[in-house]
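The two complexes that follow have chain A in common; it is paired with chain B in the first and with chain C in the second.
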Partner chain A sequence: MRSIIDYLKEIILGVWSLLKGMKVTGSYFFRPGTIITQKYPNNRKDLVMFDRFKGEVVMPHNEKNEHKCTGCGICEINCPNGSIEIISKSILTEDGKKKRAIDKHIYRLSMCTFCALCVKTCPSNALAFSQEFEHAVFNRALLIKTLNKPGSQLMKGVE
Partner chain B sequence: MLFDIVDVNSSPSLSDPWWKVFYDFSSLTHKIDSSLHNAMSQFWTTIAEMLIIGVLILLFYALIGLFLVYAERKVCAFMQNRLGPNRVGPFGIFQTIADLFKLLFKELIPIKNADSFLFNLAPFIVIIASFMAIAAIPFAKGLHAIDLNIGVLYVIAVSAMGVIGVLLAGWSSNNKYSLIGAMRSGAQIVSYELSVGLSIITIVILAGSMQLSEIVEAQRTGWFIFKGHIPAFIAFIVFLVSSTAETNRGPFDLAEAESELTAGYHTEYSGIKFAFFFLAEYINMFIVASIAATVFLGGWMPFNVGHWDGFNHVMDFVPPFVWYIGKTFFVIFIMMWFKWTFPRLRIDQLLTLEWKYLLPINLVNVLIMAFLVLMGWHF
Partner chain C sequence: MEEKVKNITTDEQQEYVINMGPQHPSTHGVLRLVVSLKGEIVKSVQPHIGYIHRGIEKMCESITYPQIIHLTDRMDYLSAHINNEAVCLTVEKALEVEIPDRIKVIRTIMSELTRIQSHQLWWASFGMDLGGLTCFFYGLRDREKILDIFEETCGSRMIVSYNCPGGLMYDIHPNFQKRVKEFIKYFRKILPEYDQLLSGNVIFHERSKGIGKLTLEDAVSYGITGPSGRASGFSCDVRKHEPYSAYDKIKFKEILFTEGDTYHRYIARIDEMWESMNIIEQLIDNIPEGPYAVKMKPVIKLPEGEYYQRVETARGELGVFIISDGNKSPYRVKFRSPNFVNLSVLNHIAKGFKIADLVAIGGSLDLVIPDIDR
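This part shows the complex of A and B:
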């Protein structure tokens, strides 16, 4: 008798757990609002990527065309693929001293694995990730980018 | 000749309005029969009618197959929070047609050291088995190709024949995955056929007939799932589970188990031969669902409740064909729901489920149903 009750209990509990599973999928089926797929090429106008998305490395500039890059070369040392190359120059400051500054921050997107080591190790937070992800171009040379804008200068107060 | 077997009780007059044909196809079939009879002899009439039915079923077969593949992909996608096919045509409805053309144009790769005769024969056996079963299904009043007096037995016997094709495919492919898949399918169908049969026997006891048209007619006052209340409901659940297993679908798709056996018995098939297996799987699902709809849910009978005459009139207004298709797709939806919810069973779990749970439940259920019928405790 005991075993028969256990047997029936097992069946009922089993069916109950199966129904629980079906409730989950069924609730998804009847609520199309839960669909998370993006219809990508159709919605590219209003598609917003999330904040932590690693699109490509950029160097943010403020409205006075100033950036924070001091040209120290730490990002170049830390890059595992060698996709960053720093070309520095020396400039004269106002009080007549020679100082090292950035000439070109060259970033090769085609070699980048988006590991974010350059962004994390930058001592002056000069680098960041943008949310741009449409990188396809017809010429490979277009993937070699200069991150500092022409004529840009070091932001005041950043050493 | 063949049409004469269909529906003997009522022969509506030809003066009825044309839309009456949607409620009773027998007048249309009688008209076709008599016009063919006037044109040619008895023998050729039979041949012509067979041809017409064959072509119609073939068309229906292809359309249902294409639609079910699309429906499965959509249902699966919605259950997994995806969109599913949505590129070819509005909501992707032409996706499966595009897939069919792709499969038609693909190369049929010959397999080294395969038994080429059996290898080529296997998909046809699978297709023919499902084809034969579809002939005995009552689609609507008077739309019933052949009404055997042992219709239930015939449909079960014929639909189980597909496993021969599966076994042949596995054996002749000269591939270990195919063979393992086919043997699993064999073990599965041998055991689950028992449950399918017994759960239908439960209803045959209640109906007192194995003729599908009589089973449908007996549900005019109420579907068997309501008439036979508890045992009929248990039989319906058992039928759903075991027929899902019988069609090698859902959580019981051990025979194809992608993660273990690549594709099981149709690993070596390509092009249209693969499409045959694929199509047969979906048609088998349709057949099983339509048996469930016919035997448990009243076939093409509308949903009528006791003395609610107004409600019953509204329900009678919906054509029987629509009722039949609606019920069948309801059962198909439940089977898809199973498939996309539950994880695949192991082979020992599969056999445990059948021999230790479904079979004893079924045997007790048959006993309860027989007792109910004896005491007259059904509605």
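This part shows the complex of A and C:
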């Protein structure tokens, strides 16, 4: 007799535990405010990323097409996987001295692991992260980027 | 040749060998388990690892100390921040740098947030392994809140790279404290829902109670750490026994059980989430003022010698062993990763159970494959 009661009790408690779980899932039908789904490609226009988000490395230029990169190569040394390559040239300054300047700052997005060492160690704060995160392209070569814009120059006062 | 075939049929008459993985949803990565079965009963499990071996330890020998951080992220990607902290603590120990309290407290809060989000993902996938897909959605929904906190402060969601030798990469975001408090308030309400959904479920009880028993003796001799070891009664919490960062200033209890079956490994992790929330609540209101990083030399060189530091990740004890010959890159780095050690016990505890239980046991050990392969 005892065993039958225990058996029935087990069944009832088992069903009760299942109903308890279903109550949780069912209650979300009546709480639509808790749904957090983002309809991503449709909400592109008003999608704001956090300002520290590490999307890709960029070199900010001002309105006169000037940047702060002196071509010292510290970011190239600090990059753990060789995504940065700096090609420098020597130019003549106004007082006739030879000076090292940047020709091309090549950044390979496909190799970058976003460790932020280049941005952090740059002595003149020439690099920054942009919030751009849609990097898909059809050709792999498009992921090799030149960060300094054509015709750009070193900002005055930056050594 | 003919004789050989004959031998196999006579010796292992009814044994049947199948491959589980490398592409199997319940192994959570590329782990191949060669299971030999008699009917439905597991006779032995042989893990074959190394599918995503990247040679992280060897790679560390050719790069500088700040650069190692971005590789340790990619070992146990669910406790990325704690892995980073382990390397940083080792380097700081070697250089005998005094770390300000602010850094210690922020590191501790971040570690506990990492622990909660790791256990949330584990809960989600464990529920899914046992046939409850709803758990997966609910677990990931709540994990999203922590990932948003990480994204706002560290810039990335999972592979955070927030530590650097000597401190942190950036200061915390002004919204950080507010968001963490909001999350704790929210998650204290949500966590009982987890219990109603899965912990009390009768099907879950049938599949987990008494399955994959690990005794205390075996846990110690195999070296099983983390929640899996503590469910067997092995007091192995590094936070308690060898406090690092700010763990010596706070009160928390070590979750210990004696049963050591799949169910108690589950309960240990759920209780750890409550405990982690307690730790964060003690610290979040009184983050001391100060610098967020100590000024270090541009090229960090460790003095010649051997250094070891262990930390408690979400899965167990992670040890970092660095041998330095005085150069800017280490002579040898060895990681004692918890997952590799925890995997070794799988054959021992899965023997004699059904193949469906193997999924439950493997899930309850909470294996992360990139940490096993490194």
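The working rule: the second predicted complex is superposed on the first by the 122 of 159 C-alpha atoms of A that agree within 3 Å, B and C clash if a C-alpha of one lies under 4 Å from a C-alpha of the other, contacts with A are read in each partner's own complex, and residues count from 1 in each chain.
Going forward, a residue touches a chain if its C-beta (ideal position, glycine included) is under 8 Å from a C-beta of that chain, and two chains touch if they have at least 3 such contacts.
Just so you know, these numbers come straight off a predicted model, no measurement behind them.
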Which of chain B and chain C A:50 touches, first, second, both or neither: second
Per-residue contact with chain A, leading partner among chain C and chain B: C
Touching partner for A:21 - first (chain B), second (chain C), both, neither: both
First (chain B), second (chain C), both or neither touched by A:36: both
Contacts of A:114 with chain B and chain C, given as first, second, both or neither: second
Chain B/chain C common contact set on chain A: 18, 21, 24-25, 36
Chain B-touching residues of chain A, taken from the complex the two chains share: 11, 18, 21-22, 24-26, 28-29, 32, 34-37, 39
Residue ranges of chain A touching chain C (in the complex, touch as defined): 13-15, 17-18, 20-21, 23-25, 36, 50, 52-54, 78, 80, 113-117, 120-121, 129
Chain A-facing residues of chain C, complex: 63, 66-67, 69-71, 134, 141, 144, 151-156, 159, 161, 164, 169-170, 173, 193, 196-198, 200-203, 298
Footprint of chain A on chain B - complex, ascending: 75, 78-83, 86, 337-338, 340-342, 357, 361
